[in-house]
Amino acid sequence: MRIIEVQGVCKQFGTLCALNGVNLKIDHNKIYGLIGPNGSGKTTLMKAISGAHFPDKGTICFLGQDITCMNPHLRSQLGLSIKFQITSVFPELCVYDNLLIAKQAGESSWKLLWSRSKKALHEEILEIMECFHLQDRAYDRVSDLSHGEQQWLEISMATHDLLSNRELSQEQQAENSTPSPLKPRLLLLDEPTAGMSKEERKITGELLLKAKQNCAILIVEHDLDFIKDICDHIIVLSNGEVLDEGTPEEIESSNQVIEVYTSRV
Amino acid sequence: MEKEAKSKYANSVKEGIKGISRRRFLCNSVLAAAGWVATTAGGWVLRPEWANAATGPIKIGALLPISGSSASMGIGCWQMMQVWAKKVNDNGGVLGRPVELYIEDYGSEIPKAVQAARRLAQQRGVHMITGTFWSSTRIAVKKQITVRDKLPFFYPAEYEGGECTRNLFCTSNVPNHVANPLVSHLLKTGSKRFALLGSDYTFPRNFNKAYRKILEEKNIDIVFEEYYPMDQTSFASLIAKINNEKIDCVLSNVVGGWLSFYKSLFESGYYENGGRVGCHFMDESMYTFVPSKYIPGLISCMESYLHLDRPYNKMVKKAYYDMFPDTKAEPGYAPGSTWRGLQFYEQAIIKTNGDLRTEAITEALPGIKLKDSIGGPAEMVGNHCKFNIYVARNVGKTYEILDQYDMVDPRECV
Amino acid sequence: MCLKNKINMNKIPKYRALPVFEGAVFALLLFVPLIADKFVISSLTVFLLLSMLAISFELCWGYTGILTFGQGFFFGIGGYVVAILMNKAQVINFYVLSAGAIGIGILLGLFFGAFLFLGKRVPTIIFIAIGTMTLSYLGERFFTGWAWVGAANGQTLWEVVEVFGVEFIPGVKAFYVVMFFLTIIYLLCRFVVRSQLGLVCSGLRQSEERLKFLGYQIQVPKLIIFTFAAAIASFAGGVFSLHEGFVGPTSLGFTFSAYAALYCLFGGSGTLIGAIIGTIAIEMARLYLSDINMIKHYWQIVLGAILIVVILFRPHGIVGLFVGTRERIGYFGFRGTRKLKVKADKYV
């Protein structure tokens, strides 16, 4: 099932052409890797898909809906979830509260005021923390976490319930009148393993492999080994254009890709 | 014995007034001993030893700004009050009771004025309050003073008229005092083309309304009438209009930005072309705000002037500068009006035979005549005053009296 | 991977300082009228009304990151509505007057809040600050020139109203009436800031962008808090004008808005009790500094210097001396059990 389709997207920053007619298709249940040298436009493309900025030309369709100029919060409510390149969590809040805030995005202000969801979300948050090995840091402030733990926290906020087998009861399903952010349909992860140790990367990879069963994932990474291990499909950007794409094996043996990586040291 | 006691008292008063910062004075001060740290410089008049201990002093509260933008006027009034208190106490007080003064500085802020009034009444226990300048401050505090604390309130500033609140007594001029004398003088001395100007609030508008009434009665056309915000700083287009329209007399109630206005008018050559300005509230104390050179020949109309050649005025002025030789706050119209109010209060107490209750004082005040005061005799008519009105011209560093109107009726609250 | 069948979480830190601190301040306030004279009681009543203004600012800035210099505008508007209803429509029923004040606060809060927050572009902090400052300034100018409401002279409120069967005139009874309203407002605000909406506000303060990408329509909670704060400020202004017997254009101006910010900064931004403490501390300084002979002509400069020093060296204000940062931020999760456990589960 086609999750997202990017067609002819261009983005200019002054005289700098960051994206120049990028085409991209992402299907369900697959992990896509987006690689390329520094300055190739990876983060710009991620931001265009997430809604951090709007492209100058081209279209982006998400689940059949044109989201090219849609506000980020609406994209998020449709099922598009992002983890930024620079860790962006709520530094004054504890881990638990960061997850709590992420999980209530679909709630109305009235429900938030009466804190109706607080008790209901308790066990789900515990599960998420357990999956991301954050259970011992539940009430520590984020600013006290290591960089790797902060990365995990942010990934966990993006993945929500993707790693849970929890089934919503009929009552809970009825309550969710808006498209549920509980299970995002597309995860955008910009450098999710930056600053992580080898062991942490391994665990992250396992988590993402599990998550893909419920969504599609697009990862920007510099760790090519990590990309090779978990991605089903790799897209290579260079100078704002798609240089090549294919399976990891195809990309590994692509002369164009090798040339671009070896010429940009 | 009595003379010795009075002399001792007079010395201690003088010491007390001048030496507020001296520890000995503070130690002697009853209220300082109660824990109020040196309320103001010279703000305390010691209770003389000869005072009637049973009845206690007459406490008068000064609700004045001695910091902030209106400080220069407030300090003048406060100092005048002290001169008056000394004079009264030197003469044995009022019906044998000494006068004590208490000041609360409201720093030119209205909310603080209400609080200060409350403090005077509730903590200081004053019998009467005098003070405030801007009408907005008066309106803010009048309910607190006259209704809640039920005290007589003497308002010393000239204002736009219409204040008929019970227990509130206005001792300076209102439009009905000055409009006719000022406009009549300008007309008889040749002015024909008038512009009425003012800052955009009630006071200027009311005075201009009174001027307009008289001019229209005499079938004089007013070329234009305009108002400007209080924070106006540039009057270039107005000055151009004045000159282009060949205005020969500007009746000005410009308060906000007045230095800029008068300076620009002067520099435009308006006076050289025979133009004149009439502004009723200018006197010598206003030179600190608008230097005399920018208002040559300005015609003013007030109930008193600093250099008025009258024995009473000279007596008060001498006493003022004897007590405050280095002061920069001149005893202008507002301090003079404060003095007048204190005189009325003193006479009211005498009339009630020492009954300081507000009801008694309020009943006693209307009809009281002062044989002499600053500017001349005065009479309380309702809650406003009849007094002499002088038309004067700014010449150099003084105001030259041109005309005198005796005992002009305010015609307020009839 | 996720095979643990029991999770031991850290115990939630016990809150010690803040509730005790809050209770102590309120208890002290309740006790004061028993020992103070009438003037101190009346002054304290005014301080408590100004505390409500400070709380309204605290909700916006301390909790939600909305830097507003317009709380003075709502404060003054509340006073004017009460004055107009009393003087022009002869209304002396306190409940009608306060409903009018609250109503105008809500209406204008919604109106200006919508203008500030619901535009196509997300407004920056500077935009909100200058926009609300302009609102205060324009409000003061407008009312200064409006003759129907007294223009620059303002209006005196002559009538005496009854609240809960007592005459609302400065004194002990009025103090306890205002204490009652302050307590209600405090508890309401506490409820809001400790709720999940409060959690979202906390997120807005820290990282508005992140909230947006989580799926929150961030302008809605901002508008709600801004309107709620406006209603509180208007109510406070209405009761203030009844207590003081006066309302004027300066009540709407930037001065009150600036003081609200100062109260909160001094007392401790990010706590409701800090707003109250800061208000009382600064107002007492304003009252008693002018008594000191040495500085009587420039006590305002001295006050300003004191405020600058405190804010520079104690950025978390007076409350920061007693309450740690963690406790100040608080925790928002479910605390049904101290030890958090989850049933054993298997993950495929």
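When the chains are written out, they are named A, B and C in that same order, and each has its own residue count from 1.
Everything that follows uses one rule, which is that contacts are C-beta pairs under 8 Å (C-beta built on N, C-alpha and C of every residue); 3 or more make two chains touch, one makes a residue touch a chain.
Computed from a predicted model, the values in this text were never measured in an experiment.
*Asks:* Imagine the assembly minus chain C, everything else where it sits, and name the touching groups.
*Replies:* Ignoring chain C, the remaining chains break into A | B.
*Asks:* Would you say B-C or A-C is joined by more C-beta pairs in contact?
*Replies:* A-C
*Asks:* Quick one: most central chain, C-alpha centroids?
*Replies:* If one averages C-alpha positions chain by chain, the most central is C.
*Asks:* Roughly how many whole angstrom separate the Cα centroids of chain A and chain B?
*Replies:* Each chain's C-alpha centroid was found; their separation is 75 Å.
*Asks:* Counting only Cα atoms for the centres, state how far chain B is from chain C in Å.
*Replies:* A distance of 40 Å separates the two centres.
*Asks:* Give me the residue numbers in chain B that touch at least two other chains, ranges are fine.
*Replies:* Counting only residues that touch two or more other chains, chain B contributes none.
*Asks:* For chain C, write out the residues touching at least two other chains, lowest number first.
*Replies:* Chain C, residues with two or more chain partners: not present.
*Asks:* Can you tell me which residues of chain A touch two or more of the remaining chains?
*Replies:* As it turns out, chain A has no residue touching two or more other chains.
*Asks:* Taking the complex as given, what residues does chain A use to touch chain C?
*Replies:* My answer: residues 50-52, 71-73, 76-77, 82, 84, 88-94, 96-97, 100-102, 104-107, 109, 111-115, 117-119, 121-123, 125-127, 129-131, 135-141, 157, 163, 165, 181, 203, 206-207, 210.
*Asks:* Where on chain C is chain A touching in the complex?
*Replies:* It is residues 1-2, 4, 7-10, 12-13, 192, 195-197, 199-200, 202-203, 206-207, 209-218, 220-221, 224, 325-326, 329, 331-334, 336, 340, 342, 345, 347-348 of chain C that touch chain A.
*Asks:* Taking the touch rule as given, give the residues of chain C at its contact with chain B in the complex, in rising order.
*Replies:* Touch list, chain C to chain B: 37-39, 42-43, 46, 141, 144-145, 147, 150-158, 169-170, 244-246, 248-251, 255, 286-287, 290-294, 296-300.
*Asks:* Which residues of chain B touch chain C once you look at their complex with the stated criterion?
*Replies:* 20-21, 36-41, 66-68, 71, 105, 107, 109-112, 114-115, 118-119, 122-123, 135-136, 139-144, 147-148, 200-202, 229-230
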